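Each structure below is given as structure tokens.
What follows is a pair of complexes built around subunit A, which joins subunit B in one and subunit C in the other.
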Partner chain A sequence: MIVAPMQSFAEILIVLILATAAIIIMKRDMGSLIKTYAAQSFLVAVLALLFFVETGGLSLLALAIIFLVSKVLIIPRFMGRVQKKLNIKRDVQFHFLSPITALIASVFIILFVYLSFAPLIAELNRFNSSLFFLGATVGISTVFMGMIVIFTRKQTLTNIVGYLTMENGVVLFSLFLTELPLLIEFLIIIDLIMLTLIATILAFGIDSTIEEFHARLNPFTSLNKETERKDEEED
Partner chain B sequence: MDSLLVILALYAVIGVAVLAFTVFSKTHQTMNALAVGLPVSYLVVSLYALTDAALPSYGLGGGYFLVDHLSLYEILITAVLFLLAALYACQYIEGSIEIHEMDRNNLKIFYVALNGLLMALAYAFLADNLALFWILAELSTAFSAVLVVLLNAPKNIGAALKYVFITSTCMLFAFIGLILIFTLTEDLLGAGTLNWSTLMSIASTLSPAIMFAAFIFTFVGFAAKSGIVPFHAWLPSAHSKAPAPISAILSGSITSVGIYGIIRIYAIVTQTAEVAKVSWFLIGFGVFSMVVAALTMLSQVNLKKLIGYSTVENMGFLLVGLGLVGLSTSVALFWMLFYVMAHAFVKSSLFFSAGIIHHQYESVRMERIKNVFKLQPFAAWSLIVGGVAIIGMPLSAIFIPKVMILLQAAAVTPALLIGLLTVFLFVSAAFGIFLVKMLTHKDQDAPAVGELKPFHAGWGMKIPIVILLAAVFALGVFFPQQLTDLLNTIVTELGF
Partner chain C sequence: MNILLLVVYGVLNVLFVLFVSPLFISIIKKVKAHAQGREGPSVLQTYRNLAKLLKKETLYSQNSSWIMRATPYVNMAALLVASLFVPMLVLPEPTNLLGNVIMFLYLLALAKFFMALAGLDAGSTFGGMGSSREMAISALIEPIVIVVFAALAFAYNTLDIPQMFSGALASSVLIDPVIALIAISIFIIIIVESARVPVDNPETHLELTMVHEAMILEQSGKNLAMMELSSAMKQMLLMGVLINILVPWGLTADFSPASVLISLGAFLLKAVILAVIIGLFESSCAKSRFFRLPGLFAIALFLSIVTLIIEVFA
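Let's turn to the complex of A and B:
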């Protein structure tokens, strides 16, 4: 289905996307976290473009353009502004797992995803090509790695990056599996952008100015057991 | 067919009109009246649709929507809850503004989100395309998160964030499941589809292994929406921090969306060879949720959290009931569907009563609640009656479906029956202990009684509770023939 040089190019892109997911798990610096996310979205967009060149499916072109506009340009810039206003430079608080153990855990997750997909190869036509199987495995692994970011980081902003990474993983997975009808693609992107906005609005406090917001922020920067316990005691 | 298309459009037209009027209305009364009007009109339209001979009609609006008895049944329950919640909200929200819990400026956002939520839920129940259902379910998360966050407390922001993150994260997994189903049908039919009615007709030819994988992925997402352990962490905090009418809606309607999604997917998977595996999978998660919830309930000191965990326990029981369908007979489905309604009604009445308690003491924690019978005798009694109803005492509408599902469980394996009974024992003990402690908590020597001004709960707050509890006990002794017919039709339509 895809010619040899294209195939190796696609493989390189897939590996790079996996690498960006690993970097997102490891990074503590907020600025580079957001930049890494933008780079990851860019790679997914390039992959969609590559598929468009190969198959000529217009929905792939639409997907690539939506990605370039929203996830490479708008969302990272928006989050960068939020980060500057909040003046959070680094996210150094973790729960459950440290970045290193999280990375080791994600290696096991990739293996697990690979092993659980292996028996399904015979069931789906698309999986017969090794490239598609690799892409699907990396897609799901990226979803899980994004989930690890959500569960191990305490900063809301980092959690949002984790959620967006998961979303990239889902899109990557769907790129290799199927061409969803265009309408649905649009709706998904709209829905996801809206959710990002909501999460950011929530992170900001509804209508407060930044000063007010800092007072509000402190109790919930760490959505962890501590607050939960405090919650139980005070209320 | 044509009249159903009109009905489908009516939901949207009325909804958008109400939203527009809400945006331009000035007083709280007008906004509240509009929020009461919307569910009333949905009730009328849905009841009219039920009489339409063309039911069930699939493939409306280019295959994106479906109107069948199950969707109308769920819309009816949701509309009743929204109607009562809106009636209750008028005075409750005024009270919240008085104790500086909420800003008057946020009133408009509150009512816009409330009406938007009802629209999103109604269309989610009407969606035939599973991806469309997914999007509408996500929309309902967004609207309800806004409703949770509107109170001026940092803890509400925390609770809403937790809610959005956990459910959206899990819903992404559900989307992976949908992609798998789409690919599978693409291989089979040439063009992929996510239409539930099409999937139902080709279900027996779908690959069992992929369908099982897809089921697990979608289950994760929909289970998070309905607060199944281990995806339940958002539920107790969101339920306890939200304003009382919103807690009632979260517990009765939002969790129903998740269960509804699971029912639809399960109806497809039961036609494949994996039926036993999937059924035990559901029962396992159901029992696990019930056990975790029951043990947590025993140590609760927060009234609304106790009721929230009770929702987790009841959702677990619904999963058990659903799982039993694949193992024994469709009787379990009939009673499980009835249980959805009974639970929604009882749970809302409990949250409404807790709302009165909250405005009296500005807290729902046990140590703050004193002299309830003196200050809020109505809330005390409605909590007792609601507590009796929710643990499934005879005469309550929860009792018969519970017994019938337990009988089905006993037919599968007695061990399951004994396990479930033990959990119910713990749950009843938790409710009993909490209510006895809370209601007998008195402050003899402190002049607290004099200091605390009794909160005047008007009829607007009391009538919804009375209606719900009356309905629950009426349904416990009298079973209308129309309801039996409706539930039987749903069971046949789902193909069991």
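Let's turn to the complex of A and C:
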């Protein structure tokens, strides 16, 4: 069982994860969106590490290391590079909800998750402590908040950040309620890296302007145009 | 005996706030200057400015009324009383007189209200503009301030600020998880209330951006000194709330010189660190557009409402 100071430290980490999810909903600046995601993953990794210290389960240590390498280092680096290449600095277009309404909506979501979990938690809770209740609800709330990011933002890169936030929420939930086998967690991470790779490559097509994309697709078109113009002048 | 200790506490706390608050303004300026690659003014510069202003003649516009004359004194008085409410070094024994959080907020609101009136009073365009902007920002931030302090009151089960601090002091390391959330909200409130960068720029007198500076543009001499000192005090009081809620270590209920000295050292250390953080935060972001500000406030509101949810249901 988790001792008191550890428990309050874990609770602080959990609420900070919720705070980073709120910041991801609000932020318009691409660079800081990706940095906030990295910070969120770091918090999840620290949480896993804390659980390892407490319970001594080696799979938790492995999980923390995998998170640190993949979600704090590789994925944000890669997305940062893609963002620089795409030359998108801000994401200022929104569907359906403005960031502020999205944030207020997420307050209601958290409330809803809390209320709907309250009767269930006694059945699922392995350790019967308030920490697990908090962690599980914040995990599910984070999933929903990631979903809000996906459907309110127009830029594909931001949607990917939303998707990754959802995944962080699932990890948080699984840390607290059910313990997935390490192999499955590992495969999920690999899937995640592949998916981010593919999605960012697709983002090149979706997010870059049509002119740019066209120029990249047909590198010789501009040459052709020049020769055509020369031909016309000669005529 | 009890009354005597209370008087000692009051004098100590008010003098401490009065004389130390300009220091943090200078430290923030210094950090910002270093971030921009400049040397920056000495940390004593704010004191020198205040001393210079105190010696200068006070001029009033012909169109101004008694409001212009009364505002600096009202501001100063409100802040002096408010500084009785936030124990910086020593915790007083609980009384019903001092420390009510609602009273504290209303004192700050009173000072702000008179400042906005004085901005309008002289009839200059800039003053009116500053007042209208300040009121628009206040209307947005005030509900958030109330929710944040309500969450604090709920977390510590009291409306009394010194009792909140002693609650924070008594609980274990890093206390409640929700305090982390409240701390972020209070940080945003400090930024807004002390007119710092994403909301207002304290350095410029550019008509496009100034809010706080526009309101005190018509003040001069001694009155200007009082206005500047009172805004420095307001910043320090809010910083004190944040520090003593989040990291109350060193705060003491003991009036012996040794423990007061330890408390003084600890507070100065923590406050200087906080001032450096505020300076770095200010340097890291640009002044945002007026209509984007609600976004910043919404984060504070979200965090404080989540605090309430967690406190009520968990």
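Here is the rule we go by: the second predicted complex is superposed on the first by the 203 of 235 C-alpha atoms of A that agree within 3 Å, B and C clash if a C-alpha of one lies under 4 Å from a C-alpha of the other, contacts with A are read in each partner's own complex, and residues count from 1 in each chain.
By our rule, a residue touches a chain if its C-beta (ideal position, glycine included) is under 8 Å from a C-beta of that chain, and two chains touch if they have at least 3 such contacts.
Keep in mind that what you see is a predicted model, and the values were worked out from it rather than measured.
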Subunit B versus subunit C as contact partner of A:Pro5, first or second or both or neither: second
First, second, both or neither for A:Leu177, with subunit B first and subunit C second: first
First (subunit B), second (subunit C), both or neither touched by A:Ile150: first
First (subunit B), second (subunit C), both or neither touched by A:Leu111: second
Contacts of A:Met26 with subunit B and subunit C, given as first, second, both or neither: second
Subunit A: partner with more touched residues, subunit B or subunit C: B
Contacting residues of subunit A [partner subunit B, same complex]: 116, 119-120, 123-126, 140, 143, 147, 150, 156, 159, 163, 166-167, 170, 173-174, 177-178, 180, 184, 187-188, 191, 194-195, 198-199, 202-203, 205-207, 216-220, 223, 227, 231-232, 235
Residue ranges of subunit C touching subunit A (in the complex, touch as defined): 172-178, 180-181, 184, 294-295, 298-299, 301-303, 305-306, 309-310, 313-314
Sites on subunit B touched by subunit A in the complex: 105-106, 129, 131-132, 135, 138-139, 142, 145-146, 149-150, 154-155, 157-158, 160-162, 164-165, 168-169, 172-173, 175-176, 179-180, 182-184, 186-187, 192, 194, 207, 209-210, 213, 301-302, 363, 365
Residue ranges of subunit A in contact with subunit C within the complex: 4-5, 8-9, 11-12, 14-16, 18-19, 22-23, 26, 99-100, 103-104, 106-107, 110-111, 114-115, 118, 130, 133-134
